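Both of the next two complexes hold chain A, though its partner changes from chain B to chain C.
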Partner chain A sequence: MTNLEKYVKAFTDSFEISEDQVSALEYQSIVQWDSVGHMSLIAAIEDAFGIMMDTDDIIDFSSFEKGKEILKKYNVVIE
Partner chain B sequence: MVNYEEILNMPPYSLDKSKKHEFLTEQLSILTRHHYYNCPEYRKIIDAFGFDVNCIKSYCDIPFLPVRLFKEYDLLSVPREDVVKTMTSSGTTGQKVSKIYLDKETSSNQTKTLVKIVSSYIGAKRLPMIVIDTSAVLKDRNMFSARGAGILGFSVFARDRIFALDENMELDIDGLVQFLRKYEGEDILLFGFTYMIWQHFYNKLKELDLSLDLSRGVMIHGGGWKKLQEHAISPAGFKEALHHVCGINRVYDYYGMVEQTGTVYIECECGHLHSSVFSDVIIRRSSDFGIAETGEKGIIEVVSVLPKSYPGHVLLTEDEGIIIGEDDCSCGRKGKYFRITGRINNAEIRGCSDTYADRFK
Partner chain C sequence: MNNINFFDDIGVYSDNIAIITEDGEQISYRTLLNAADEIASFIPARKVVFLVCRNTFQSVAAYIGFLRKRVIPVLISPDINKSLLSDLLESYRPGYICCPDGWNEDGEQIYQKNGYVLIRTGYDVSVGPNPQLALLLTTSGSTGSPKLVRQSYVNIESNAASIVDYLKITADERPITTLPMHYTYGLSIINSHLLAGASIILTDATLLEKKFWQLLKSLNATSFGGVPYTYEMLRKLRFERMELPSLRYITQAGGKLPKEMCSFFASVCSEKNIKFIVMYGQTEATARMSYLPWEFAESKAGSIGIAIPGGKFSLIDENGKVIEESDTIGELVYQGKNVTLGYALNYQDLAKGDENNGVLYTGDIAQRDSDGFYYIVGRKKRFLKIFGNRVNLDEMESMLNKAGFTCVCAGSDDNMKIYVTGGQKADEVKAFVVDRTHLNPAGFTVKQIGEIPRNEAGKVLYSKLEGLYG
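Right, the complex of A and B next:
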């Protein structure tokens, strides 16, 4: 799987949504992505890439796009 | 408007008395005007006081709302469709609960502030976390009780999390032992409500004569002392007892309320609750609501720069306390430090820990 595929899968698995829904996602734009959903998403992403994010980055992880930017800090490039 | 991005970059205990006074007066004046123009009920109250929102000399002069008002009225300063989360206070059955309406911005600032304050105590590194509660409190995702919100808020500091109690509030000893084995030699974060920790963690370990090694543990607990005071357990006695059953050395109490989530007051190494730059406590005399002297007991008013989606930036609580000092605590943190002495007479029981304890009567 490519990084992008892994990244998308973390969203689709955590929120039980289809792939075509993920790119426009923002925190709290769907009911599943609330504060509880957020922690499951973070856990899924961390597992997928074998990383551990800092608390500040978890807080800043506010959209599908923003997440890509944050993951660069952990040497995870999503293209 | 309040520039939260800039504000939240300030170190949490960095301003001395005069700088903090200037900062809070500026920010809380902006918020007072925001609520005045966006919340019709708030405007009525302020007008009834004859208070001029355009001429605020000190944040101490801004009229406070009693926390009880959030039980009686739906108070919000944003359009209802912008509300993403409604928080409710803890309350025993039959009590009315407060409803606090959060939009995206306020909700996110609450989390950011909590992270700022707590990480200044425990560091930015995420830790394995033991929640001394049951996962059942998180079941209803749409209506967060204060208890669930506390657990969720602190979960951002966790990298792996277990709940120490099952849904019958029984301690999961096997789960705990396994978890501790997995993270042997590492710092571990423990979070829970004071009375539940006492009743279901401490008492159980004592009863079973079991000792766990939590010498690397950092415990953060809150939610009210009333029930433990009835059992004549002091904060020092609480720490000592816990140290005895699990070797834990770092136990911090916190004071906070659902009406001002995010701006918590955490106990320092010297045993004092501290106010961060994002909020403050003012002690009011019950006779005339004038400001009490340092060392004088009175009703606690809390102010916070976070509440923007609801007019909860200046509130009178139903707790009593004493300011111990300001800027000169030996832990080095700037700002006021204080302690809680109890609830005002006839106030409802409402800490997370106390409302829970009430069910055991």
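Right, the complex of A and C next:
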């Protein structure tokens, strides 16, 4: 699996949505991505890439696009 | 602070700061009371008003104003599903709705200030409410049950005073809100801190917003409360690595935090010199029934502690006999002035008297250790806590049945299982539940089953469900 595929899968698994829905996602834009969903998403992403994110990054992780930027810090490049 | 209550008498704190808003505005007790009395002046005493709560200045002002005027507020979640709201309106026929601007379009607007409006609904009921009745809270807001808890003036005054006593709250405290105001635990934090003349930082920002942590740090918040899910978030956010020097204590209630989590937070907090206080309560007991003194957070991890000042616990066996021995399981019974008057199902019930007489059968199964500390081990009543929200399983079933789904509900906290029969679509059931409850879908699993296991009398055998269908 490519990094992009893993990244998308973290969203589709955590929120039970289809792949075509993920790219425009933002925190609280769908009912699944509330504080509860955010925790499952972060856990799924940390598992997928074997990383541990810092508090500030967990809080800043506010959209599908923003997440890609944050992951660069952890040497995870999503293209 | 002896013999004063948190609504009639807080004028004594005149120049203290009562409220600090998200914008950093500091509002004195005097200003709070002026705003409170102004909005309440539009409603005659003993009328019922739906107060749609947010953690904002005007929401608190309206609440305090209504209590002072002896107007009876029903505290409503701003996220309530609209069809559930109309059921509630029909059941209670409140003469007024007090809500954020733009929240409700119907009715005649009679007052508007600080982001809140007061609306006259046109309902007018002639039933006189019980003179003791102070306010009404939902038990299970998310299923829109019309069942409300009737809280008296004595209930709310005595519970706030007990909380101030055991948490040793002084005018120097500055709690920051983490819980909604319509939720009894969130409300109890507001009540008890007003009673002590303290300053409350009001925000609707969640722990996952930068704004929350900025407010906490820049305004030097001294405490906050959290339900079990809040603590899961704190752990995920690596609370142990945070620098929060202003924080003096944090409390936990609203459901059972696993023992391992209690130990974790007890030890992290002790290193940081923050008191970690586990507590237990129910809306039926106004808010609080017990607390675990922070000194015991580690050694008695998993315990709900001891009864609050003025309260008393006992355990009874299946025959109603009091259990004297330690480490023996029974139903937890609480006695105290904060035991509420009872339930209401409609406006006629607001006239009812005190049905509990100071004794609450909690429905929780507990045991007491030889040092007198209590531990919850199970639950008699059919409800779950989903991310801190109480969801009654029977009400959920009846709501689903009414919508045309044949199903039964069971499961555990944060994981409700909805068992459906026949060709009903799991995703439709889930979408319906999420729409109605406004809770995260992760809290619900829909399972297809062949048939609902029942006994000869037709009663659902819930214990068999898990075994048969996992």
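The rule we apply is simple: the second predicted complex is superposed on the first by the 79 of 79 C-alpha atoms of A that agree within 3 Å, B and C clash if a C-alpha of one lies under 4 Å from a C-alpha of the other, contacts with A are read in each partner's own complex, and residues count from 1 in each chain.
Convention: contacts are C-beta pairs under 8 Å (C-beta built on N, C-alpha and C of every residue); 3 or more make two chains touch, one makes a residue touch a chain.
This is a predicted model, so every value here is computed, not measured.
Undergrad: Please determine, from the superposition on chain A, whether chain B and chain C clash or fit.
TA: The answer is clash.
Undergrad: Pick one for A:E16: touches chain B only (first), chain C only (second), both, or neither.
TA: Second partner only, chain C.
Undergrad: Name the chain, either chain B or chain C, that contacts more residues of chain A.
TA: C
Undergrad: Contact-wise, after the overlay, does A:V8 reach chain B, chain C, both or neither (first, second, both, neither)?
TA: neither
Undergrad: One more residue to check, A:I70. First (chain B), second (chain C), both or neither?
TA: In the superposition, A:I70 contacts neither chain B nor chain C.
Undergrad: So, does A:M39 touch the first partner chain B, the second partner chain C, both, or neither?
TA: both
Undergrad: Using the touch definition from the top, say if A:T55 reaches chain B (first), chain C (second), both or neither.
TA: Touch status of A:T55: both partners.
Undergrad: After overlaying the two complexes on chain A, where does the chain B footprint on chain A coincide with the chain C footprint?
TA: Shared contact residues on chain A (touching chain B in one complex, chain C in the other): 27, 34-36, 39, 54-56, 58-59.
Undergrad: Flag every residue of chain A that touches chain B in the complex, lowest number first.
TA: Contact set of chain A toward chain B: 27-28, 34-36, 39, 52-56, 58-59, 62.
Undergrad: Enumerate the contact residues on chain C facing chain A in the complex.
TA: 206-210, 213, 229, 232-233, 236-238, 241-242, 387, 434, 438-443
Undergrad: Give every residue of chain A touching chain C within the complex, in rising order.
TA: 14, 16, 27, 31-32, 34-40, 42-43, 54-56, 58-60
Undergrad: List the residues on chain B that touch chain A in their complex, please.
TA: My answer: residues 84-85, 104, 107-108, 111-112, 115, 119, 124-126, 138, 141, 152, 155-157, 159.
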